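We just call them A, B and C in the order they show up, numbering each chain from 1.
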Amino acid sequence: MWKWLHPYAKPERAYQLCSTLQPYFFWPAVLCILVGSVWGLAFAPQDYQQGDSFRIIYIHVPSAILSMSTYVAMAVAALVGIVWQWRTAFMAMIAMAPVGAVVTFIALFTGAAWGKPMWGTWWVWDARLTSELILLFLYLGVMSLYGAFEDKQQAGKAAGVMALVGVVNVPIIHYSVEWWNTLHQGATISKFDKPSIAPEMLWPLLIALLGFALFIAAVTVMRMKNEIIRREYHRPWVKEMVQSAKETNHAV
Amino acid sequence: MKALWSGIFKRDLALAFRQRSELAQPLMFLLMVVTLFPLGVGPGPATLQKIGPGVIWIAAILSSLLAMDRMFRDDFWDGSMEQYLLSGQSVWAISAVKVLVHWLVSFVPLLILSPLLALFLNLTVQMYTALMLTLLLGTPLLSLVGAIAVGLTVGLQRGGVLLALLLIPVFIPLLIFATSAVDAAALQLPYRAHLAIIGAMLLAAMAAAPMAIAYALKVSQN
Amino acid sequence: MAGLTAHTLTCVKRDRVLFADLSFTLPAGSLTYLRGPNGAGKTSLLRLLTGLSPPEQGEILFNDVPIAECLPQFHASLTYIGHKPGLNSALSAVENLQYWSAQHSIGFSLDTAYKVLTTLGLVGLEDIPIRMLSAGQQRRVALARLWLKSADVWILDEPFTALDVNGIKLLETHMRSHVEQGGTVITTSHQALSEVAGPVTLLDLEYRI
């Protein structure tokens, strides 16, 4: 069933696939982010309680959602790498890690910035912010483990195991922190809780979410290309590619 | 089975008793960290009782991180690990036995020391019972999950701080459930649910961790 | 045919290809001397042969069966002595060997252990912690495994390091008698084997950039 995927385990094919996909991710991402933010920031109606400050959700919510999903994607890549012993899967995993970490940081930063007008303080131990912070720690752990090894193939496997340990923990952390939060804060209603949202607010949010997802994919694909070249630069296919690229440049 | 019993279990126990002072150091660290808290936040019995469970659990996690890499470090660097892997025994079984010995020699003394800590931090008898139960269920989890990260970092020259960075976020849920079990006990509320969750995490770790440790050790051998 | 066969092995370390498409056979009753400059991948090749690390490509056959499929049987008839002695420094020579024998499910008797250690010239040093012994003496304790376990295949990584003249001769004699009984030996060494070791097959690895 998954046979058609196997050729992409080879770095060369993976590189080609990345090159093909990159424009399809990048330009729609730019478009969606532009449309989503302009619509959300300038044209969507005000929130009747929070005024204009709610508009940060057009950045905060997509990044918060995608920080978790990027981690899951990373763990899926790691699992593929461990089970089928694909080198490229580990490369994809490590290409995602810093992207995910930055997205997590954006979610944290915007969350804190939102907290200032809402709670009057930059940091509250709100459940979602706390679990984002722990998620950031998990990302940093995977990245520093990868960086600590000199043999990058070994590094990929080690970081992959840690990513899997982390992903088992992500839901546990999420629910334990949420529960811990209700325990300690009692009646405080979470401002992030949005059971219903007006459609004219929802559409720009969904577009921004799509844009963020495509942007993460585009950056991941770019980073993966770099990673492949960095690891394989002494292989014949890279030399051939560089050679042919030079020739076309000369021709122009 | 016999190979694991007399080749690994007895060997590691013998080694542990020969290196008693090394084993005692994390415990002394634990005791001293706990001593710092009354000095730092004030000795009021109510304050101590409030922060006590958290302090004991955090100190236990930190002190266990200090000694965690003992589990595989010597074996890796002197080449015993290679010989384990070539012994024809399954690696996960060897890892499981080594984790068991690690728990016996580093956490059982901690359990024995815990009444003293409870006394220092003014815990009530109910709180102490809950603390003891959470330690009993939670510390094997520390050993099992910790062993995965130790297996991954054992080949690195300076893996000590990295080990802590990898493990602290992973231990957070355990810390939350364990301390709130003690908090519930302080309010005379039932805390069986907390224990059940910790127990569930322990069982899951017992099922999955030996495989992950074995894989990590093999990766480190590359 | 008994013995160990390597089939188109490729080894990559730190994204550098150490060797590619390497094929050879170590037949039963042969002593192979693996040579090559530093960094050519001698240790890596030996570790591939033991099954400690998987090759990037290719496979290793033990008695015509891939070792991945017969790992317990293969390890039961293998003794590997690596760079690292595999001895815990806080345990004595006898304890180290005793626990090692138990791990490898070999029958162990104190008498045999003392006899082997006597052969190796370690009389009186059996019961003191390994860290008190000199490097050469530690090497001898590590090599005692070759006397304790009756394995067909010996994979030895620089076994002569730190050994004195007598020690080298002792080991070479033992290797020769093992080969004459139909055993397979592959070894590296920074100096050539003497004629005491008997007929030698050479296997050369080149340094690749």
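The working rule: a contact is a pair of C-beta atoms (placed from the backbone, for glycine too) under 8 Å apart; a residue touches a chain by one contact, two chains touch by 3 or more.
For clarity, every value in this text was computed on a predicted model and none was experimentally measured.
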Answer with line, ring, star, complete or other to describe the graph linking chains that touch.
complete
Hey, which pair has more contacts between C-betas, A-B or A-C?
A-B
Taking each chain's mean CA coordinate, chain B and chain C are separated, in whole Å, by 37
Go ahead and note the Å separation of the Cα centroids belonging to chain A and chain B.
32
Averaging C-alpha coordinates per chain, one finds the centres of chain A and chain C separated by a number of Å equal to 48
Where in chain C do residues touch two or more other chains at once?
none
Multi-chain contacts in chain B, i.e. residues touching at least two other chains, fall at 222
Mind pulling the residue numbers of chain A that touch at least two other chains?
151, 153
Hey, which residues of chain A end up touching chain C in the complex?
150-153, 231-232, 234
What residues of chain C sit close enough to touch chain A in their complex?
12-17
If you look only at chain B, which of its residues touch chain C in the complex?
2-3, 6-8, 10-11, 14-15, 18-19, 74-75, 77-80, 82-89, 221-222
Seen from chain B, its contact residues with chain A in the complex are 145, 148-149, 152-153, 155-156, 159, 162, 165-166, 168-170, 172-173, 176-177, 180, 183, 201, 204, 208, 212, 215-216, 219-220, 222
Please give the residue numbers of chain A that touch chain B in the complex, ascending.
82, 134, 137-138, 140-141, 144-145, 148-149, 151, 153-154, 157-158, 161-162, 164-166, 168-169, 172-173, 176-177, 179-180, 183
